[in-house]
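Going in written order, the chains are labelled A, B and C, and every chain counts its residues from 1.
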Amino acid sequence: MIGNGWKEALEGLPYILQGTWVTLAVVFGALALGLVLGLVLAVGHVYGKPAVRRGIGLYVWFFRGIPLLVLLFLFYFGILGALKLELSPFVVAIIVLGLISSAYQSQIIRGAIKSLPEGQMKAARAIGMSDRQAIVFTILPQALRLAIPGWSNEYTVILKDSAVTYALGVAELMTRAHHVAARTYQHFWLYILVGIIFMVLTFCGTRAMAMIEKKVAIKGYSR
Amino acid sequence: MTADEPILVVQDLRKRFAEKEILRGISLQLHRGDIKVLIGPSGAGKSTLLHCINLLLPADDGRILLHGRDVTGFRKRRVYEYRQKVGMIFQDFNLFDHLTALRNVMIGLVRVKKIPKNEARRRALRELERVGLAEHADQYPAELSGGQKQRVSIARALAMEPEVMLLDEPTSSLDPELTGEVLTVIQDLAAAGMTMMMATHQFDFAESLANEIIFMEDGAIVEKGTPQKMLYAAENLRTREFCARIHGYWENPER
Amino acid sequence: MKKKSLRMIALIITCMLLGAAGSAWSGAKVYINGFDAAYPPFTFIDKSGKPAGFDIDAVNWIAKQMKFNVKHQPTDWAAIVPSLKAGKIDFIASGMSITPERQAQVNFTEPYWQVIQLLVVKKDANLTVKQCLEPGRKIGLLRGSAESKWLTDHMLKKGYKFELRFYDTTPLAIEDVANGRIDAAAVSNTALKEARDKGLPVKSIGRYGQPDVNYGYAVRKEDTGFLKTLNEGLRKLKASPYWQELIKKWDMK
């Protein structure tokens, strides 16, 4: 079914491209939520009391172990239905992807924190910083820089995962491609188109990450 | 405070890690202007003692008194205040790698003492000048030599205006040609009247600077006394054996 | 990474969440029609990106007549009944087959259209219906469709050993028949017509046993008032000349 259908496929491009904004919003929303939560979890996982650390371990195991689609439906129909919360699929997608990302990001950041020499924390304490100050002003600035490569990877993973959210009806790239394909039957060309768009998004994202990494790099810093 | 009341008193300090007793009842005193040097083999507990005095490690037993006040039971805010008064220099420098030399010195002033940035910068630069590193202010630790890094860490500790400085083998990680610049800075501090306790293997330095040398072995103080006595005419056999073994490190006038 | 930018991000997220939640509360009551965006000619997305189709036009006409606000929302078909029951949508007008299993979950309006359930194969294939139902054959269909339930209950459970392949949209199933990846697809005659109009080399080989199916609009069981409204609207529509116009427009005969 290859032939000349690409013209018809291209006609659907504007409609599909609108989905790009939705996709990017979902991805960045999830990444941001994942970062904020992941940071808190990482600090708790490294510096918290045993009970806290066990709890976080369970959280990570839960969100890393259950398939995305299952979690999406679990939240959309199960949990939110029980809580009688009116949240759109778009928001649910961000929340679920964000929670999953926080589980992974917490481990990335935790690894970065643990790779720092113990002396950093000691020195901060020695000049009279509280543990909270030591973590915020000496540990995290370094750990976050170390976590940027892992972040770049998270971006590509969430970008691809966002395509699954069409199952909730989120009007992102994949969903819209389905819609146009149903009308035109140009499945081949359309999914090639979507694949190209995803590749472009991945490329731009990882390049942006590399630029950020360069910008915040400390001269001579290497671990 | 009268001149003969000690600033810092350590009473019968004990510390164990798992089954092993690292500190077995250490007692000592520091008066204003004292420069006491800890010597002894590795594993004697010198580093642990210094970390306990600074409350970086909790002691299992015993007391630490600053100006007569027991700090051993301190928690949180009072510990943080105490640590500003008792500064510490580490063998591995432990500079904050993501900050320039200047910001390393400033951060304690800005975040802990809550001094406004401009004033903090002024004071930090002054401390860096004091250790001879003003023109390296905007360089990162990775760009500095070991001796320079240690000098910055001294400036960082001094910026907090401590009453006592603890130095945990400050030159042990340095190449021999770099130890001189650090020792000079420490000498200047001593001449300015800073109260110090230092663990070191630099015996000729200890001899010239210290007013008391304390020999530790296996977590206990074996003997203490003036440098002349300790290094050349110690009473205790163990002390004499240790000092004999290190004779090769410096010239020894006839005994 | 400064703490300030972290705070900014957290703020943005909170605003987004509040905005999304808030938009659900604002405004007069709008009835949301959950539809399968991949089921032309009944419901699909047109070139300009708007909902279109036989059912869409019909519902818009009924809404105007019966004076209620309506909004059309593309919904994944496999999740459409749970969506209705959970309150995410208010009714389903999207070429939905009335089946006893569905009637246990939701209420239907009176039927407004009838379709024939067929097996569709490649144009040059020499298959009979009987052959397609043999062990080893692959039959594709829409996930969550009435066909899938019927085939499972009335054939697979009765000993037939063909394999069912599920697709996210009906056109995808028919596409795979054309690709040769599956032997046949179980779809309605309208879906087949759409595919052939687009030039796909497929043909029907007749009914496979499922009785002809009636389409109706679905509502929640407790929405008896709204069901009455829709039924009245449907009656009015079928009696008006617009009904014939629609049939002609979408080439339904």
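Basically, a contact is a pair of C-beta atoms (placed from the backbone, for glycine too) under 8 Å apart; a residue touches a chain by one contact, two chains touch by 3 or more.
Predicted model, so just to flag it, every value in this text is computed and none were measured.
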item	value
Top-ranked pair of chains - ranking by C-beta pairs in contact	A-C
Chain occupying the middle, per Cα centroid	A
Distance between the centres, which are taken as Cα means, of chain B and chain A, whole angstrom	46
Between chain A and chain C, centroid-to-centroid distance (C-alpha), Å	32
Cα-centroid distance, chain B relative to chain C, in whole angstrom	78
Set of chain A residues in contact with two or more other chains	141, 145
Residues of chain B that touch chain A when the two form their complex	54, 56, 76-77, 80-81, 83-84, 87-88, 90, 92-98, 107-108, 111-112, 139-140, 142-143, 153, 156-157, 160
Chain A to chain B touching residues, read off their complex	117, 119-120, 122-130, 133, 137-138, 141-142, 145, 218-222
Chain A to chain C touching residues, read off their complex	1, 11-12, 14-15, 18, 29, 32-33, 35-36, 39, 73, 76-77, 81, 85-91, 94-95, 98, 136, 140-141, 144-145, 166-169, 171, 175-176, 178-185, 187, 216
Of all residues in chain C, those that touch chain A in their complex	1, 3, 6, 9-10, 12-13, 16-17, 20-21, 23-25, 37-40, 44-49, 73-76, 78-79, 82-83, 86-88, 168-172, 175, 178-179, 194-195, 198-200
